[in-house]
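The following blocks contain the structures, represented as structure tokens.
Next come two complexes built around chain A: one with chain B, the other with chain C.
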Partner chain A sequence: MNRKIAAALKRDLTSWILLGPAVVCFAVVLWQPLISGLTLSFFETKGYDAVRFVGFKNYESIVSNSEFAAALKNTFSYTSWSLVIGYFVPLITAIILNEMVHLKAFFKFACYFPTIIPSMATALLWYFMFNPGKNGVLNSLLGFAGLPASQWLQNQKLVIPLIVLTMTWRSFGGTMLIYLASLQSINQDIYEAASIDGAGFLAKIRNITLPHIAGTAGLMLIMQIIGVFQIFQEPMAMTGGGPNNASLSIMLSSYYYAFRYFDAGKSMAAGAIAFAILAILTIAYRLASARIGRGGGIA
Partner chain B sequence: MKRFRDKRTGILSFMDLKSHKGIAVYWLMFAILALMALICFLPPLWVIISSFKSPEELMKVPASLLPEKFDFNKVIDTWNKLGYLRYYWNTAVLAAGSVFFAVMVNGLAGYVLSCLKPKGSHLVLSLIIWTMLMPNTLSMVPLFKNMVDLPLIHISLINTFWPMWICAGAGAFNTLLFKNSFDSIPESLIEAAKLDGCSNLRIFTRIVLPLSIPIIMVVCIFTVNGAWGDFLLPYLVLTEPDKFTVMVHVFTAKTVMALDVQLLSLVFAIMPPIVLFFVFQRYIIAGATMGGVKE
Partner chain C sequence: MKSKRLTAALLTALFMIYSFTACSQTSAGNTPAPSPAVAAPTDSAAADSGAAPAVDAPANDASANDAPVEISIANWPQSIDAERVKMFEGYVATMKERYPNITIVPNEYAYTVDSFLPKAASGQLPTLYSTFFTETDKIIGAGYAADITDVLTELGYVQKLNPDMLALLQRDGRTYGVPNGGYNVGMAYNVSIFKEAGLVDANGIPLYPQTYEELAETAKTIKEKTGKTGLFWYTKNNQGGWMFMNLAWSYGVEFMKQENGKWISTFDSEEAVSAMQYVKDLKWKHNVIQDNLLVDGDDMFNMFGTNQVAMAYSTLDWNDPLITQTGMNRNDLSLSRVPAGPVDRVSLMGGNCYMFNPSSTKEQIEAAFKWLEVTGFSPEATELTQKGLEEKYENMLAKNLPVGPMPLRIWQSGDIAEVEEEIVNARINVDMNLWNEFCDGEGVTIHPEVPMNAQELYKAIDNIVQAVLTDENADIRVLLSEANATFQKDYLDNAQ
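Then we have the complex of A and B:
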């Protein structure tokens, strides 16, 4: 009996030793920072160390700051623009691509191509495309069409949609492939039966295709909202948050608090506000999808 | 139009494609995709072509389509002058270490969670799943702090590649990918090895890993691509220019260098991922849909 317990202990011990490196990595990179970040947001900080507990003072101070108010508003603006510009592009592309009998593999390759370009490089690449001078490539194209040159990223009204366009360009291919996998799992007999019953192209999309991919579409919606809400590198590289804070996001503002103003407490308060909004959203989505009974996703 | 007659998939059936309307809809969709393919390829292509232009030519209004001459000496000169070999080497070391950590640390974790399942490991598994669902908006400062002064052992990892390697070891998604893949390895195989006196680690390196080559390939390719494009953490922890990775250099080169040099830097930065994609497109496109199985 004793030997059995010893053997089980030994077995578990070696297992835990093998799991150890991963637990250490996760703890250092994700788990400890999460707790420590939340704690820091309630402290007055010096350097990156907590000095004095101040309750919600960091939160009060950033919420009353006009720069952060702009960041909060812009972040919602990024998210809604990304739904307008980016949400349907991968869905529609997948439906169209699934119909192709010519060059299907090539189109798949082409649509995924931008995704492999690093996000920082993509931001810089489009920064050059959006050169506001008359020598810029897009302004030259406008010139050929007889249109006046645009200020592009320096136009306060255009800057967020343009950054969203950049992100959509880079990431639609990956989402499109996920939709495509879901589309390919539709039983072909259903389409045939519908054809025999005289259903047209649009009727088939509405009654067969869309219901089938609704679960995936819901999951992609929440993933996109969570992803775009944390936008940060693109405005950092393309505009630095300008012009006049018109493209400043919550996470960029959090970054500036930490590494430009060296105020870690306020930086973490900004991060905590973003965290709370996203956590509420995620939980709401889970509850909603559990009620509908799809469980969300194709897994 | 044999292909139309054989079409058995999708919404438009071969029946629909007999009518003029069906054929028109098909080619309209084809045209849309062709346009999208152009939009996907042209911007990087434009940067690559423009990087050959001289600074004066880049200022021309309207922008010229092709450079006056393709001067490869200029490319080599800029490469040498900026010391790009150094940045490529740094990024390669970063990527190699990340691959090692992603495969060994996450692979071992997936193996323990899938095959060995010691008491209490389900807790670690649910923590990892929760980590993946959590937004990551609070970690910037504490993570940086941990890297400046590692908890408990108090050493600084600034200007080393360890911070990025440790991050590669904390890949929740890769861990679950490995776990799901290892779940399909027959238990009898592992039991047999145990009866023969194989240690847990040896079972991992001799049985589990060799049986999982495709998934390892996918993880390797995505880790290399991710490490190549990684920006924020390298930017924060690598402060000495001779430790810079390609992406950090490209970002810091923005605004301080001539436009044509900036464009060339960008080309140097995007060429390796593009080559990687052309070589491994099958693996990459197959791996991309694994992202859909996130739960």
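Then we have the complex of A and C:
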């Protein structure tokens, strides 16, 4: 056994040397803080110093805090709204762009453009758009159309979908480019063959395009869930988690624990809970897609 | 293959989540930053003076402490603020002349909620930094402020400082900071809007509403006559709760009390219901507050400073950001007493204070107090402190800030307050009639913050304020009793 390992090491020595710097970087910059963060979540903290081991007390205290229940519910709400509003936008845009003959480069750039703007700036931009007074940008437009002004972000039911809308606007361009790359890698001969066999546009999409990009779509789904689950900057800049905690997310609540109340232990515990939920979701997805993969050849 | 994918997916999740959880971590929080000046005990003074150091000691009082000391000073003005930079350079020159062994290291760090923790956790706090009363509790709790009890006692400052303010900086009989400016909340009036609405007397002084009822009426008149927002109401980032205190105490609300050593949350009272009903009415009955209902002090500066709103709770130490951020004319600003409620007329005490890097040596803390003396912070008026204060007010004149209204007194004894008053009186650049009522504070009860979990309480009140202002059907009684129970369970029960 040992000899086997030694042989394997020797065989892969070059790879290990090449990997070395990256592994060190990951260890120092990623794994170490992650592990010490996790450790800290089991301690009573004074600033960032662990003072006393308290087991799951931080977790208990967070979970029993009524704010956390709201944050958890909201975070799932953000994630589901982002799937409803944002998941298909890049996919559809990519398919449309792929079919375009003229001005393709311009539209590609136009779609990607919002992604270049820093997220804090977009959050503030939308904050002004959503200004609830009759002089707010969107309310002025509603006024022109003869419609009553909306409360926008101050409406507890609207606030999450609206924030998700702004995030989709900002970030669909990047995802769209990935889909586009995937679409362009499809061999055009297949489409021609399908055309000769009499397949229409929709039939080609269903039978060629979608199966081809299913892997990418699955990955994007996971990425989006992971990304949106950690939503933080947007509610912080636009609503501060309000009104009445209606847009508070787990990560924002974790941020408040750390920076507003200097309670690092609880902050880390909130982060760890989010991590655990994401890990479970990810594993569930991989298991499901593996099962589908065995049956139908996807992923 | 499957397990590889699983690992890959897990790692992806891990990297993503890391981006937040690790954003400001260092494994060792309080690693005492080595203080180079003290670590290198080269006694330059003794070396210079050859064989007889004791005789050669200079005539200043610091003769026992001539070892080189290096201190860093926060809130150093940035280069665009040329006036203040010049002033600080003047302080440095004075320090050099008086205390050649002390090296001053400028540090532009200024306290913000977001930046403090990483700075403190990585041991990079300046020797002397300044923060607000609202923050001191958690800073002391986290161990990020040095215990300065001994130095304060030696300097004889303990008895001379305002005990109410000092109490905010003490825990278990030890002191962790010194107040450097005390303010109580007042109501700011935008004089130009009041003139536009015709709500001024013959001398152009606003007709200040004296009760909360009158406040709402005045706000209505302003809205009718000028179309502008009458009153600014704070709602987010804990400021909604913070400013609500003024109103609530004036309505007789008691937020918590101690019974047999246990803290009991008590803000589900009828008084609290009427105070919150007042807030709700501002929106749904009178409709006199700003349209945007998720706002804090920064929004107030923008709206008030650009003549969009006529009245707002404010404090003297907000004059600076209000005027410098928006270019507001100082003569358009007036600060008066908070209005009276049915029970009392209460104003929340606020202010700022100096604190010290927890890893500072005693010598460094002493040196920092010498620096403070040069800037004018001392109970005794000496040539030095006088010069420091004069420069401070000259600088305010240069920045077009109101000079005239005096903050709460920090020093109880010593003649510095009288001297400061003289210095200010010689430089008044505003119509004091716009400030007198606030400065006299007649009938105003000045109230410190609640003793337990103030920030968490503010957050809880923030939520209720947001709820009643954004939802016409919000049930105040239910909201208050829920928040009261939650506050008890989440915080007070844990704080025994």
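Just so we're on the same page, the second predicted complex is superposed on the first by the 254 of 299 C-alpha atoms of A that agree within 3 Å, B and C clash if a C-alpha of one lies under 4 Å from a C-alpha of the other, contacts with A are read in each partner's own complex, and residues count from 1 in each chain.
Here is the rule we go by: a residue touches a chain if its C-beta (ideal position, glycine included) is under 8 Å from a C-beta of that chain, and two chains touch if they have at least 3 such contacts.
Quantities reported herein were computed from a predicted structural model and do not represent experimental measurements.
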Quick one: name whichever of chain B and chain C touches more residues of chain A.
B
Touching partner for A:79 - first (chain B), second (chain C), both, neither:
neither
Check whether A:239 is in contact with chain B, with chain C, with both or with neither, and answer first, second, both or neither.
second
Which of chain B and chain C A:249 touches, first, second, both or neither
neither
Have a look at where A:205 lands relative to chain B and chain C in the superposition and call it first, second, both or neither.
first
Who does A:95 touch here: chain B (first), chain C (second), both, or neither?
first
For A:230, select first, second, both or neither according to whether it touches chain B, chain C, the two together, or no partner.
both
Now for A:58: first (chain B), second (chain C), both, or neither, which partner does it touch?
neither
Please indicate which partner A:19 is in contact with in the superposed arrangement: first for chain B, second for chain C, both, or neither.
first
Should A:268 be classified as contacting the first partner (chain B), the second (chain C), both, or neither?
both
Contact residues common to both interfaces of chain A (with chain B and with chain C)
30, 32-34, 36-37, 48-49, 133-136, 223, 226, 230, 232, 251, 254-255, 258-259, 268, 271-272, 274-275, 278-279, 282
Sites on chain A touched by chain B in the complex:
11-12, 14-16, 18-19, 21-26, 28-34, 36-38, 40-41, 48-49, 93, 95-103, 106-121, 124-129, 133-137, 139-140, 143-144, 169, 173-174, 177-178, 180-184, 188, 191-192, 195, 201, 204-205, 208-209, 216, 219, 223, 226, 229-230, 232-233, 237, 250-251, 254-255, 258-259, 264, 267-268, 271-272, 274-275, 278-279, 282, 296-299
Mind listing the chain A positions that touch chain C in their complex?
30, 32-34, 36-37, 46-49, 61, 64-67, 131-136, 151, 153-156, 222-223, 226-227, 230, 232, 238-240, 242-245, 251, 254-256, 258-262, 268, 271-272, 274-275, 278-279, 282-283, 285-286, 290
Help me check something: in the complex, which residues belonging to chain C touch chain A?
2, 5-6, 9-10, 12-22, 24-30, 113-114, 116-117, 120-121, 138-139, 141-144, 235-238, 290-294, 296, 455-456, 459, 462-464, 466-467, 469-471, 486, 489-490, 494
Would you mind writing out the residues of chain B in touch with chain A in their complex?
3-4, 6-13, 15-16, 22, 25-26, 29-30, 32-33, 36-37, 39-41, 43-44, 46-47, 50, 58-63, 101, 104-106, 108-109, 111-113, 116-119, 121, 124, 127-128, 131, 133-146, 148, 150-151, 166-167, 169-170, 172, 175, 199-201, 204, 225, 228-232, 236, 247, 250-251, 254, 262-263, 266, 269-270, 273-274, 276-277, 281, 284-285, 288-289, 291-295
